[in-house]
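Both of the next two complexes hold chain A, though its partner changes from chain B to chain C.
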Partner chain A sequence: MADLRINLAGIKSPNPFWLASAPPTNSGYQVQRAFEAGWGGAVWKTLGDPILNVTSRFAAIGFNGQRVAGFNNIELITDRPLDVNLKEIYETKKKFPNHAIIASLMVEPKQEKWHEIVKRVEDVGVDGLELNFGCPHGMAERGMGSASGQVPALVERQTYWAKEVAKTPVIVKLTPNITDITATAEAACNGGADAISMINTINSLMGVDLDSWNTIPHVAGKGAHGGYCGPAVKPIALNMVAECARHPHINVPISGIGGISNWRDAVEFMLMGATGVQVCTAAMHHGFRIVEDMIDGLNNYLDSKGIAAVSDIIGKSVPKYSDWGNLDLNHNIVAKINPDVCINCNKCHIACEDTSHQCIDMLTDVNGKSYLKVREEDCVGCNLCSIVCPVDGAIDMIEAPRELAPMTWNDRQTALSVAVECKADVAK
Partner chain B sequence: MAIEKMQRISLSNLERNFQEVEPGLTNQEAVEESNRCLYCYDAPCIKACPTGIDIPTFIKKIASGNFLGSAKTIMSSNPVGASCARVCPTEELCEGACVLNASTKPIMIGNLQRYATDWAIQNEQTLFKPGESNGQTVAVIGGGPAGLSAARELARFGYDVTIFEGAEKAGGLNTYGIVSFRLPQKISYWEVEQVEKMNVKIRTNTMVGRDISAEEITNNFDRVVLAVGMAHVPNLGIEGENLDGVFDAIEFVKATKDGELSYDYQGKRVVVIGAGNTAIDGATCSVRLGAENVKILYRRTEEEMTAYDFEYEFAKQDGVEFRWLTAPKRIIGDENGKVTGIECIKMELGEPEKDGRPRPVAIEGSEHVLAVDAVIKAIGQTRYVNLIEQFGLTHEGGVVKVDKDTLKTSNPKIFACGDVIFGKGKGDAMVVTAAQQGKDVAYAIHQQFTVVGTA
Partner chain C sequence: MSDYQQFLDERDKIDFLIQKGCQIYGVREHLNGASVDFLHPNGNVTETLLIGTANGRKYFSSLLISQNQPKN
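Up next is the complex of A and B:
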């Protein structure tokens, strides 16, 4: 049994799986059910001045018959009075002293507002604070959420205000609706953040109804953009976590969020630098009980790898993530089709023929049996065939004999500039 | 009521027994299944379909919600595609060729085809328009799958087509010959209606050779398509064949599709002679009419029987008993001429015959009598030899001789397709094959006119 405990900037939890600030953490009843199911922590649904919500709040897109590939919402922060939430946080923390409760906060960008709310929530015994600079809808129109989170100076200043009074660790939750998330991550660090979390939801319109031509979802015939999350956003979130993790000026722990649906996703985020993860859509799709497999799967994975503690994997893949200019131009892989496994659907052929490099031939052997073969000399190692192949093991991407020593684009440019200088010298 | 619902066969409500057995896919099942299709390139299922339906395309269209496009894709290649969705031996054709057989499980192509065509039926779609008239006339003799298919394709090319159909309704085997619980008549009627909407005239109750002469047709039309199929079941050639209670399986099945169901078979004992798909139909219809015991007698064994595996399974589930290596010797009747029994003799398999199947040889002294109330003959079908000869066509035992590429008969104006050219030992006589031959005939005829027209 591996040690699954984490310590994120001083916030301890029995495992790395937290519920993100969202509908699942709206009340003490829900958070207590979640802790009973095994969740290690919960970021309480964002507290602030109570708001009004609309009905018809969520929507999802499916893919090829699978439900909830992506999910969006136009629900705002908590619509319950602050004192009710605080009372329930107090009671929940008392019942579950070893689980992490983090209060998500969103107030107007005013110093006194931040001071007031930080003090009030810390009084009821939260383990940490998460500043919500991320929600892209509704609150942003009032200058909060992602409207704050898109301006590095505002991120820094508000973090600083929170930190002025905070006694518990402060996590800054960042919006992905920005060109370069490391800019706001760095601003949070400069404001004194103890940790950062990402990503919040992405601006999205889920769809348009083909019969009514209404937006999906719509509120009495009108729609507004919502926040996108769920499995479809995972690659975007993973990149943002990794970019922050490898950034030289961002040196605080990261809480990874975005499309994490199972233990495998969690391992990927942690390898890419997250100290723990937050989950929402998967719980909304399946209920709190899915955490059981997350914990069990993670534990079995660590045991099978002989890793004693989950904290040992944090950031282990970060050194493998770099810039394109540092990739070896002379690395050479080619596709190889295994005729014994191939079922002859010919998808690799048509994908390569129409949209890649025309190097997979449809052939017939002496017995009249069809087979597919890669002309390796023409294969550029793009992976497309192995991506579209529906059968595991039918196409391998194999390393071809290397013809040239490793050289990156950056190496090459450096070499060329040296050569130019030499020529210049010769010319002199 | 609840108990009765759970029973496979109802004795009080025979109509229920003849409702279609297989439920269609629900919308969600169809979406899930269609999304499972790999959308192969140069897909083997297309090659395995005798009519060459572009299966990955019609399935993709179900997945995208383009049901009209899906139904058109199917029906364009197969004018009786709604029937074929139900009666094709898919595991031997498209589904048998599905590449997923090699990895997981094949796509339910037949069920998806049914889903798309059912959509078109329920939404009262007209799928195709007749081509611009080219002034040529074609007579199609027989409104079964082959005839309908030829007529539909010819109409698309702009021919003025008249179908001559002896029965009250067109559709042939699909309307009258395939049991209702596999293929309800309304499906066949819809296919007929689609052909009629192409301005094809269908003259029902018009038997060529009786109501109109072969000569008149040959003289009055530019081309003739002979698609009359096969005729009744031949005689067994044994004593007692004319007794009351001896039936032709084709007629027997037809009676269950046409009009009121008979309650006369309740509690009766029935034997069916033969073990092809029609024998299975006769047996399962008997069960569904309330017969107490139904036996199939076959002079060879399970190995040689020609019924499809799924039909065999279905019959066994219906409680049909099989008596292998058993041949009828004599049908026994009472003083009123009603069947009371059948004398049988046990057989053993001897040397292979011409068609490769072992010759059954009677075991002397193994005679025994089964007490029965009805005997259904299902030992194949006879041929419309007279009609073929009235058209003056070369034939071999009632199988019209045709050029294998053009399906042209010995008379260059006359083409033939479907069961009328189906020779013994040539695999299965399938609806889908007949449909393709109908198309082939249409293309061959059109070829003749276009070549002449453009030369």
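Up next is the complex of A and C:
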């Protein structure tokens, strides 16, 4: 059994699986049940001036039989009075002293507002704070959430105000609704953040009903953009975590959030630099008990790799993530079709012929049996055929023998600029 | 002609000049690929090849990198 404990900027938890600030962490009843099920930490549903919600609030997109591939909400922060939440946080912490309870906070961008709420939640014994600069709807129209989170100067200033009075670690939760998340991550660091977390939800409109022409969801015939999350956002979130992890000026721990549904996703986020992960949609879809599989799967994975502690995998893939200009242009892979496994559905041929490089031939052998074959010299190794192939193992992407030494775009541009300079010298 | 055949053709032309002792001494990149200037070892004759294929452009770039590397 590996050691699954994590320490994120001083916040300790028995495992890296935290519930994200959202409906699953709305009350003491829920958080206590979550801890009993095995969750290592919980970020309480965002606290602030209690709000008013609309119905309906959620919508989801299914894809090819998978329900909830993407999830959308127009729910705001907590609608419960602060005192009620604080009492339940206090009781929960007393019952579960070794689990992490983080208070998510959102107030107007005013120094006194931040001071007041930080002091009040710390009085009941939270392990840390998460500043919610990410909620993209509703609260943003009032200058909070992602409206603050999209302006680096506001992120820095509000983080600074929270840090002026905070005694526990401050995590800044970032919005993905920005071109370059490292700008706001850096601002959080400049404001004194002890850690950052990402991502909150992505601006989205789930659909339009073709009969009523109403938005999905709609509130009495009117819609407003919501926040997108769930499995569909995982690649976006993973990239944002990785970009922050490899950024030279962002040197605080990261709590990874966005589409994490199982232990594999969690491992990917940790390899890409997250110290721990937070989960919302997967818990809303399947319930608290999914954490059992997450813990078992992570344990088995670490044991199978001979890794003693989960903290040993943090950031191990970060050095492998770089800019396009540092990739080797002379590395070649080609597709190889395995005729014993191929079912001759021709999907690869159609994809290659219509939309790629026309290098998969439909042939007939001496016995009149049809088969598919890649002309390797024309294959550009794009992967499309293996992506559309419905049968595992029918198409392998294999490394072609290396003909030229490794060369990146950046190497090439340097060599070209030298050639241009030489020519100028010769001309002189 | 397939892209691959065109690449082989371009590679042959480049190899021919290199075997004659020519060196790449100028590259102009444009919308049709790259025009690569080769300088003869005697120093005053130049030849220019238009390299249009992606693999051809990778090929002369790799040669240029090894040409720029200091020889032991």
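Here is the rule we go by: the second predicted complex is superposed on the first by the 428 of 428 C-alpha atoms of A that agree within 3 Å, B and C clash if a C-alpha of one lies under 4 Å from a C-alpha of the other, contacts with A are read in each partner's own complex, and residues count from 1 in each chain.
Heads up, the rule we're going with is that contacts are C-beta pairs under 8 Å (C-beta built on N, C-alpha and C of every residue); 3 or more make two chains touch, one makes a residue touch a chain.
Since the structure is predicted, the reported quantities are computational estimates derived from the model, not experimental observations.
Q: Would you sort A:419 into first (chain B), second (chain C), both or neither based on which partner it touches?
A: In the superposition, A:419 touches chain C alone.
Q: For A:67, using the defined touch cut-off, is the partner it touches chain B, chain C, both, or neither? Pick first, second, both or neither.
A: Touch status of A:67: no partner.
Q: In the superposed arrangement, which partner chain does A:329 touch: chain B (first), chain C (second), both, or neither?
A: Touch status of A:329: second partner only.
Q: Which touches a greater number of chain A residues, chain B or chain C?
A: Between chain B and chain C, C touches the greater number of residues in chain A.
Q: Applying the document's definition of touch, where does A:264 land relative to chain B and chain C: first, second, both, or neither?
A: After superposition on chain A, A:264 lies in contact with neither partner.
Q: Under the stated touch criterion, which partner chain does A:249 make contact with: chain B (first), chain C (second), both, or neither?
A: Neither partner.
Q: Which parts of chain A are in contact with chain B and also with chain C?
A: none
Q: Going by the contact rule set out above, which residues of chain C touch chain A in the complex?
A: These residues of chain C touch chain A: 2-4, 24-27, 29, 37, 39, 58-59, 61-62, 64-66, 68.
Q: Which of the residues in chain A end up touching chain B in this complex?
A: Listed in rising order, the residues of chain A that touch chain B are 64-65, 343-347, 349-350, 362, 390-391.
Q: What residues of chain B sit close enough to touch chain A in their complex?
A: Touch residues, chain B against chain A: 31-32, 34-35, 38-44, 63, 99-100, 102-103.
Q: Spell out the part of chain A that touches chain C in their complex, as residue ranges.
A: 329-330, 357, 377-378, 404-405, 407, 411-412, 415-416, 418-420, 422-423, 426
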